[in-house]
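Chain lettering (A, B, C, D, E and F) follows the sequence in which the chains are written, and residue indices restart at 1 in each chain.
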Amino acid sequence: MSTNEKKVAVFRKEHFNAAHRLFNPAWDDQKNAEVFGKCSNPHYHGHNYELVVQVTGTPDPATGYVMDMKVLSKITAEEVIERFDHKNLNLDTEFFQKLNPTAENIVIVIYNLLRTRIDAKLELKVRLHETERNFVEYPA
Amino acid sequence: MSTNEKKVAVFRKEHFNAAHRLFNPAWDDQKNAEVFGKCSNPHYHGHNYELVVQVTGTPDPATGYVMDMKVLSKITAEEVIERFDHKNLNLDTEFFQKLNPTAENIVIVIYNLLRTRIDAKLELKVRLHETERNFVEYPA
Amino acid sequence: MSTNEKKVAVFRKEHFNAAHRLFNPAWDDQKNAEVFGKCSNPHYHGHNYELVVQVTGTPDPATGYVMDMKVLSKITAEEVIERFDHKNLNLDTEFFQKLNPTAENIVIVIYNLLRTRIDAKLELKVRLHETERNFVEYPA
Amino acid sequence: MSTNEKKVAVFRKEHFNAAHRLFNPAWDDQKNAEVFGKCSNPHYHGHNYELVVQVTGTPDPATGYVMDMKVLSKITAEEVIERFDHKNLNLDTEFFQKLNPTAENIVIVIYNLLRTRIDAKLELKVRLHETERNFVEYPA
Amino acid sequence: MSTNEKKVAVFRKEHFNAAHRLFNPAWDDQKNAEVFGKCSNPHYHGHNYELVVQVTGTPDPATGYVMDMKVLSKITAEEVIERFDHKNLNLDTEFFQKLNPTAENIVIVIYNLLRTRIDAKLELKVRLHETERNFVEYPA
Amino acid sequence: MSTNEKKVAVFRKEHFNAAHRLFNPAWDDQKNAEVFGKCSNPHYHGHNYELVVQVTGTPDPATGYVMDMKVLSKITAEEVIERFDHKNLNLDTEFFQKLNPTAENIVIVIYNLLRTRIDAKLELKVRLHETERNFVEYPA
């Protein structure tokens, strides 16, 4: 029996906790409060972000792996968790000085960080849960 | 700094509780019982329905939002939750007088209700969990 | 090495789906609506009830079991699931003709049904989840 | 059939998102960093706090309720969610100016806020989940 | 009101518990240990595998079903659960004598077992959770 | 500002994956099969065990901690996870050579391993989930 021609997707779930506020620096505080409501509270609030990294390809016949999950977890730790865990996304990272840290923008930043580290022949998709009820996926 | 060309999907989870029975009015009770088993119990049974609304598009550069989740939640409340929550789907709604309220048919009805309220340039998909072990998605 | 003198609690989770309405037959419809709101909708609504049965005792040295989970699951199926699953609690069961099927009253009924079938030297407790956010436990 | 003499516990789950840092103002930054590690990051981090409020008593024979969950949810919203949701616990609340906002101290503060609003004949217990893997309960 | 032209996906979740070890018989023990680490422990380890079977098609107008979930559950029990539940995947099944039982290879085997039993006009996809943090999907 | 007199319970959740079979060496294979069914399969099966360690005491006024969760997690890793993760409980550990590795016996062994490492003035309780539907707690 041999492995199939079709591709397999593998998923790895990771977590980080961070503070943020939604804020467009081109707007004054009043406009930010109107658009983002309590999510723009000047002293920040925070979330337990849950991250699901999806890598798609053909399993290697020798290992049966699309990609070693231990390696995927290590890359995610180096590129994402070490940068964002227990941090203030607006103040402690270089990414959200000018870019509003909405779930949409965070998931694009995470995708770009991981994309450089994952073999180009593998497809990459990232899902980010901001709360139990709000989550995003990129690319859609 | 610029957002990526690719699209982002945003998801919002909501809940409602409802009673229903599976029933094809073109069939007699015996035939309904044969096909639908205990799901056709004449006095109804019920579920905690869990609804996940997925909207896909390009984040607005000013807000970083594909769509404001507060607006998506409000539209879902007006179109779905107010109509279905704590209701008998067969008796208390206009949709399932003649249409059998299977998970498949409910998710199509919910999609059609939401589609008219979501900007046409955004893609829409709906997932509906009937139990922890049975769920449906539309369009597939 | 021998097992410890202290007692161990074992838990078994089961599920059933049912319709109900909150209703005190001593009150008229208006009073029921005032007190129970949408939970008193005359055409019923429903839930995926999640049941956790807890039995506490000393493990049998020969089996290492407080109680065989297969037996506990079978008893729960016979006493609870067969009576309540895919049923209307108000109309299809003998228990809630006059007793209001609140989560509190349902969990007491389930406890009493199971208590007669579980060895008297074992302690029994029942938890019932009505929704993800509302649940009850008896005896407290 | 009548309700049982034994007490029933009812549980209501609520959520809030907040930023915090662990910090003892009697210590300098270096000592705080040694003791609390990344949890003491000066720019704060955050969590999706999940709160479970447990109230124990005898069901009212007229309603079948230990306590109306709608009332319990409203009290929790007024006393806890409005104060803490989308806030910085250290800066935006009066409670953690001098008291370190560990999960232990937060759950005690929440208990004390709710205790004044719940009928004295009912027992109260509060569980607070800080992450999926860390949670606390008071009183134990 | 009629059902829509677009397709609906239905999902059914099932479970099995099994032991396995990752092992490529073309390699010696040292090489297997280097590549697979503790997952290659010679005495096996195990998982609670969670399986989600997804079937996509157009609902039958008479039943409102894409496929009867009771039938899908029965087929999954016969083809997958009876073969794998409480088994050693390497020793007790014919599939992983020479094929390494990685999540990727297991999900392909399960897909092939189910594909022969599901109507060819319906699309099939299988998701397999090996742990809470590692899962796979086929075809991707 | 002072912490309350009552005690706080803190909980830490950890995971390990292991193989086992239920087996009483005083019985022959037939008797073991009769009593334990498929759980006694000679080639083992396995689980994703989920462990919740509960420690109860009074928060330290200086730290606000009952016990540092980082320390509790480290002790659990050293005493439990390193011993049991990716192991065969019957063959690879000293504890279940003669003691049947039921959930009840495993949770008692884990409690005894942790008890020696946790300050005697703190109460200890352990919950072990063998599957999503079966779990145990010790002491009860």
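Rule of thumb we're sticking to: contacts are C-beta pairs under 8 Å (C-beta built on N, C-alpha and C of every residue); 3 or more make two chains touch, one makes a residue touch a chain.
Owing to the predicted nature of the structure, the values given are computational and were not obtained by experimental measurement.
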Which chains, if any, touch chain A and chain F both?
D, E
Touching chain B and chain E alike are A
Quick one: point me to the chain whose Cα centre is farthest from that of chain C.
A
For chain A and chain B, what's the span in angstrom between their mean Cα positions?
27
Please compute the C-alpha centroid of chain B, do the same for chain D, then give the distance between them in whole Å.
33
Which residues belonging to chain D are in contact with no fewer than two other chains?
132
Mind giving me all the chain pairs that touch?
A-B, A-D, A-E, B-C, B-E, C-D, C-F, D-F, E-F
Per the touch rule above, chain C residues touching chain B in the complex are 15, 17-20, 38-39, 41, 43-48, 85-88, 91-92, 131-132
Touching residues on chain F, where the partner in the complex is chain C:
22, 24, 26, 35-37, 95, 98-105, 107-108, 111-112, 132-140
Chain C partner, complex, touching residues on chain D are 1, 3-4, 6-14, 56, 59, 62-66, 69-70, 123
